[in-house]
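Pasting a structure here, questions to come.
A, B, C and D are the chain letters, set down in written order, and residue numbers restart from 1 in every chain.
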Amino acid sequence: MTKIRVTVWGENVHERTNETVRQIYPSGMHQCIADALNAAGGIAATTAVLDQPDQGLPPGRLEETDVLIWWGHAAHGDVDDALVARICDAVWAGMGVIFLHSAHFSKPFKHLMGTPCNLTWREAGERERIWLTSRHHPIAAGLPDHFELEQEEMYGEPFGIPEPLETVFISWFQGGEVFRSGVTYKRGAGKVFYFRPGHETYPTYHDANIQRVIANGVRWAFNPEARLAAPSAAPNTPVENALEAIQERGPKLHAKGESGYK
Amino acid sequence: MTKIRVTVWGENVHERTNETVRQIYPSGMHQCIADALNAAGGIAATTAVLDQPDQGLPPGRLEETDVLIWWGHAAHGDVDDALVARICDAVWAGMGVIFLHSAHFSKPFKHLMGTPCNLTWREAGERERIWLTSRHHPIAAGLPDHFELEQEEMYGEPFGIPEPLETVFISWFQGGEVFRSGVTYKRGAGKVFYFRPGHETYPTYHDANIQRVIANGVRWAFNPEARLAAPSAAPNTPVENALEAIQERGPKLHAKGESGYK
Amino acid sequence: MTKIRVTVWGENVHERTNETVRQIYPSGMHQCIADALNAAGGIAATTAVLDQPDQGLPPGRLEETDVLIWWGHAAHGDVDDALVARICDAVWAGMGVIFLHSAHFSKPFKHLMGTPCNLTWREAGERERIWLTSRHHPIAAGLPDHFELEQEEMYGEPFGIPEPLETVFISWFQGGEVFRSGVTYKRGAGKVFYFRPGHETYPTYHDANIQRVIANGVRWAFNPEARLAAPSAAPNTPVENALEAIQERGPKLHAKGESGYK
Amino acid sequence: MTKIRVTVWGENVHERTNETVRQIYPSGMHQCIADALNAAGGIAATTAVLDQPDQGLPPGRLEETDVLIWWGHAAHGDVDDALVARICDAVWAGMGVIFLHSAHFSKPFKHLMGTPCNLTWREAGERERIWLTSRHHPIAAGLPDHFELEQEEMYGEPFGIPEPLETVFISWFQGGEVFRSGVTYKRGAGKVFYFRPGHETYPTYHDANIQRVIANGVRWAFNPEARLAAPSAAPNTPVENALEAIQERGPKLHAKGESGYK
């Protein structure tokens, strides 16, 4: 059986510049996540980082990626707008995508949501408890109704996202907040999953439950169908090819064979 | 009772350059729509067009607009990106917005949806029948379960939009297509309504049912609450102000009082 | 301006049998809620209780009710199935309905949801903090982004409801749980709002924020259009009345003018 | 790889009493559908009919069914309420279910939806064209953007269902109507798919595209996780077992260890 091809993209900034983060993730968070996915079964994960040529995603790479995972924080603004457009195109054509933690403010996530994606936050190493709200959702397969991360950054509501297709997880925070921590969307032919945990100063991506959610998310977001060739095309259907026979009538704007406006 | 303040924005291109369109809408489609709204009761509608200073929406105008109506077609690409950003900010802060017909490809609609917003189309003056799918929806108040436009441009599925919050209308076309013609969304604090009919070579905006849908849409999209001051803000909640007493612990990335990354 | 006609239905059991509850709500929770609504402006609220004739809702009462509010707990099983059917019919025809707290297990709520509507619970007088998740939602008008009830019963996820149309509020509980406390639905032509707080041993319905949510909910659920005459009808459209001219062809099951199966 | 276990339930009335139907489906529609599923790969389908003992679904049968397919029309009222309750319990516990055509008025579908599920209809052998509205949805895998059934019964909007989780297909009818022909829901832990085509006097279930949709629907509705043991349970979490240490305070209704009201 062919494996699901995952590219884990990380900005890889704090892993190099912050000693705490480096000690937790000596090969980077992206590598930690990819290692866990490769151990999960049925997934072939590789990595890409911001300071590589083409910011790690040269032409052709997205076409060979079934599911893209994105983690960014300090360098959101450095991501090329042209790359953001290519990512959105790939999603609309059928690529799955998972945004992790601070990627709520990444360019591709904001572009796919159409909303501010803002929230409240606090970095105090407090306890987070993640509750399942959609029983038997494939993203929660094998997980209990709740599990904990002893130390995490807090993200609080109101979370500036569109009403989700499904709310899968909601987090409880020790300091008094709640947050919709696992939400799904569809954008064009592609599936989108946002998953909250993963502040870089804590060992969250070493946690077995977190790894399981991400692997489940990959399987959920994967679509085996061939990528759409032209996900944004707006084809004209000429009157002579109409599915039901009709007569053209009335005034027209467009000459025959002319393209529409974009 | 205070009236709802509506700004009807039109690109006003074909009304000036195409004789057919000029004859149907001698004062422009925007003016036809505004006139109908002003006659509907409880609404104070004004207009704005592309070739005015600041493309018709100078600083302050959106702040005094409760609901923005947008019609564009030939000149989508001419709309300033900075204006698009101001419009999205206003919607996220609570302004209602209605996109009409070819505005499915306008910059602000695509930006708010996060999808290609594409479709199939045919300009043949065929019959369109609009069916109600959500009974008693306020946008359909006073309308029958179906009504017709004898001549319209065809728009066909698949329509590249996110799964709507509500599907209010679906259109039947003589040539064999269907289309989700009335769909609602919420983006930030603002309500969004897309309504399909309105090709410029037909007298659609003179139709009583169409005028009623647009007036209903204005009332539905209107929010009497004050605009949010900072709809994209992501405030830090310091540990000493946490709603529940907690102790800061573990490693930190951010110095005290530092802003988050955007 | 005509007032919205609200009927507040309460089972009125513990108010009579439990001394604690009687002291907090000497006239019953239903009366406390109705008094608050009558003071809110634009609403004319009356009450109905289980031990009245026809369980408080005789023929004609629902027809004169714009929005029904339902509180039940100990006597869910005593509510007549025929009354439940009349309530659902009224909702499908356009009546708004608000279910409060333990009404999650009431017959009409379960019937309208099609799910178990179950949850976890704990009666320990713990703190509940209610967070807004849908900014500027009319049900949250005038409310802060969060507010507290110092003592409440805990309800926890997973909450066995369908994916809501909108999630308006999520609760945080001191003991570690979260709960989708304010959720909306549409059923037929009628709007449905479930709101969690209101355990009978605490003074929740005396709280100003809670009273405001319920009054907002009434205004949101109210539909000024006339009730649908036959919300469950499945009319046949004979071929001779088809909107487009078609010829009948092929084999048939039904004789001309015959009703469909139900 | 283990096959998905499907039970195709048919009321099997018109196949026995109507000569036209018998000729098209000599072994019954249920058998035609089961045969197609068994040929599709990865699916092991068996059948059950109304006039068997326990109406074809004796104790234990649903427990061994991964996905139930339901076709009924003339005999909706004969289905035992106790069986309907067992079906809903199985869905809430994780069983997938697909309702076909006239099953929109079946007891289990109405019970799971909480709405009238009504529509308009016409039996005239007209052309139906089914349009895809959610590109790359797994239920549409391998299908074109539209396909036709030359003769079908018409079902028209407004369709009295809750706002779907996803609208996958919309039908165009020759006589002028539209209909949301493929819609998905989740109810408890179980997935629900309604698919419109299949009037018994036409050879719809012999159509390759229709067979493909149903096989796709089975794969989509299947959940490999173990069925929930008690999908309607509402467990008490005693204060001494609270996830966060809290002190019980305030008045109580329930004695220690007491069950909640249902």
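Throughout what follows, contacts are C-beta pairs under 8 Å (C-beta built on N, C-alpha and C of every residue); 3 or more make two chains touch, one makes a residue touch a chain.
Here the structure is a predicted model, which is why all the values come from computation and not from measurement.
**Q** When chain B touches chain C, do the two copies use mostly the same residue numbers, with over half shared, or different ones?
**A** Mostly the same residues.
**Q** Return the chain pair with more inter-chain C-beta contacts, choosing between A-C and A-D.
**A** Result of the comparison of A-C and A-D: A-C.
**Q** With chain centres defined as C-alpha means, what is the inter-centre distance between chain C and chain D in Å?
**A** Measuring from centre to centre gives 27 Å for this pair.
**Q** Would you mind pulling out the distance in Å between where the CA atoms of chain A average out and where those of chain D do?
**A** Averaging C-alpha atoms per chain gives centres 31 Å apart.
**Q** For chain A and chain C, let me know how many angstrom lie between their CA-based centres, rounded off.
**A** 36
**Q** What residues in chain B touch two or more of the other chains?
**A** 129, 134-135, 156, 160, 163, 165-166, 174, 176-177, 186, 188, 231, 243-244
**Q** Taking the complex as given, what residues does chain D use to touch chain B?
**A** 129, 131-135, 145, 156-160, 163, 165-167, 170-173, 176-178, 180
**Q** How about chain B: which of its residues touch chain A in the complex?
**A** Counting only chain B, the residues touching chain A are 14, 18, 20-21, 73-74, 76-77, 88, 92, 102, 105, 111-116, 118-126, 151, 154, 156, 160, 162-163, 165, 174-177, 185-188, 199-202, 231-239, 242-244, 246-254, 260-262.
**Q** Mind pulling up the chain C residues that touch chain B in the complex?
**A** Residue positions touching the partner: 94, 129, 134-136, 138, 141-142, 146, 165-166, 174, 186, 188-190, 223-225, 228, 231, 243-244.
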